[in-house]
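Letters A, B, C and D mark the chains in the order given here, with residues in each chain numbered from 1 onward.
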Amino acid sequence: MTTPEFELPVRIYIEDTDAGGIVFYANYLKFFERARTELVRSLGVSLREGLSEDTSYVVHSVELKYKAPAVLDDQIVVTASIAHVARTYMDFEQTARHVDGRVLVLCKVRVACVALSNLKPKALPDELADALVLLQ
Amino acid sequence: MTTPEFELPVRIYIEDTDAGGIVFYANYLKFFERARTELVRSLGVSLREGLSEDTSYVVHSVELKYKAPAVLDDQIVVTASIAHVARTYMDFEQTARHVDGRVLVLCKVRVACVALSNLKPKALPDELADALVLLQ
Amino acid sequence: MTTPEFELPVRIYIEDTDAGGIVFYANYLKFFERARTELVRSLGVSLREGLSEDTSYVVHSVELKYKAPAVLDDQIVVTASIAHVARTYMDFEQTARHVDGRVLVLCKVRVACVALSNLKPKALPDELADALVLLQ
Amino acid sequence: MTTPEFELPVRIYIEDTDAGGIVFYANYLKFFERARTELVRSLGVSLREGLSEDTSYVVHSVELKYKAPAVLDDQIVVTASIAHVARTYMDFEQTARHVDGRVLVLCKVRVACVALSNLKPKALPDELADALVLLQ
């Protein structure tokens, strides 16, 4: 049921690295968020419009497995696919791969839809739910 | 007319460093913002209350001179003092120093008060302006 | 077998927040790393000395559960305790709590000891392993 | 004498924003560094090779003027051009512009070439100096 992988190319800049000479482990969560955002954008759904309708998205849980490090100047590909859609949340499966094919990081993320006003769960907007159904 | 230096101790963590083995140059702007925030907090003025009154603060301009690098585990002291207060902005003078006394970075920052709704300049809140006068 | 919680107070600054008005989800990994670093430092073990002996530490895997958001100016407490020590890795259990007692984020992290030269697993330094035994 | 502008498109992600709803002021220094890196890369000069020859680059000084804010989902263009080349440093002039043409941030940066081993100034590598001459 997992959708096709959306792919976002990411260049590793000095801002992404740490004194260990590799990409700082927290920064992959930035890359994964960028890929999720672009996946949703590719569906024609705008996050900012959601904000004006009291709808926001928050990360509910994350699982990360670090397989190999990326270093300065590396070109990597960050993927996102949707593994499951429920009434109030989406499950993403994501990877960061070096362009040479090596898997760097594996990630599972549950993103919940919430009301911006009180952060309580609410149903995914129809516009988004409908687009996700078409993707599967 | 510059006020006494407010001092904020900052420990250098791996998140602050880059593959060059030193603190990434943008991260000092985080440290300087923390010190300005704590200086204002020490005056008993709350930023968040300001937000609810359509008042926000934006950085207008910055000058940075990097004198020496900080590295992982270093303990540094970040200072902030107020060099000038105008109707709609404040000028800060700031330094980052190693605890051994070496100057690492010098910084001048102009912070403007704006209306959150339209980002146009507005007068500093009386509460803040009065507190700053007492400081000088 | 989990060790007592090491506690690190963390203030939420504007750098930690995002346009959703809450702490950006990746930034908790910075806070958790700070707490692990200070826990190890409290044992009298220096990370930087390790670096000169071809020893480094890399995060192997992370599990995060986001329970409630932190916002600007919040004072939170980030904890770290050691759940398990193996020959080449350590398992940490960590929490981020608001000072009012609410749990914000739960985290499990496996940190592996590797050779800096080739990033292959190697045994934890005796100095660190011995200190961890005393802690339990 | 300033070289033609190198242009790097940058999308604003949630990681770039803060609770004020705009791009956090320090993050433009990340964008400006990316543009300088890509400008140098476009000249066929590799930073990483330099590192292996005891050559590194450090920021000496920065001037920033913030003219207008960028917000979530904005598409901006970050430029870099070289205003002056000396024996041991380069002066860059940079801008961040919204794709609608509005200037967001102006920046001047002096980047110095240093020996990685002791961080003392050293002459720009011939490879880089020659490429910069061709650019002007």
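Note that in this section contacts are C-beta pairs under 8 Å (C-beta built on N, C-alpha and C of every residue); 3 or more make two chains touch, one makes a residue touch a chain.
Predicted, not measured: the structure shown is a model, and the values here were computed from it.
Asker: Of all the other chains, whose mean CA position lies farthest from chain B?
Answerer: Result for max centroid distance from chain B is chain A.
Asker: Quick check: more C-beta contact pairs in A-C or A-B?
Answerer: A-C
Asker: Starting from the mean Cα coordinates of chain B and chain C, work out the distance between those two points in Å.
Answerer: 28
Asker: Report, in whole Å, the distance between the mean C-alpha point of chain A and the mean C-alpha point of chain C.
Answerer: About 23 Å separates the centre of chain A from that of chain C.
Asker: Could you put a whole-Å number on the gap between the CA centroids of chain A and chain B?
Answerer: Taking the average C-alpha coordinate of chain A and of chain B, the gap between them is 33 Å.
Asker: What positions in chain D touch 2 or more of the other chains?
Answerer: Correct list: 14-15, 20, 22, 26, 30, 33, 72.
Asker: Give every residue of chain B touching chain C within the complex, in rising order.
Answerer: 11, 13-15, 30, 33-34, 37, 46-48, 72-73
Asker: Give every residue of chain D touching chain B within the complex, in rising order.
Answerer: Listed in rising order, the residues of chain D that touch chain B are 20, 22, 25-27, 29-30, 33, 56, 58-66, 68-69, 116, 119.
Asker: Which stretch or stretches of chain D touch chain C in the complex?
Answerer: Interface residues on the chain D side: 14-15, 17-22, 24, 26, 71-72.
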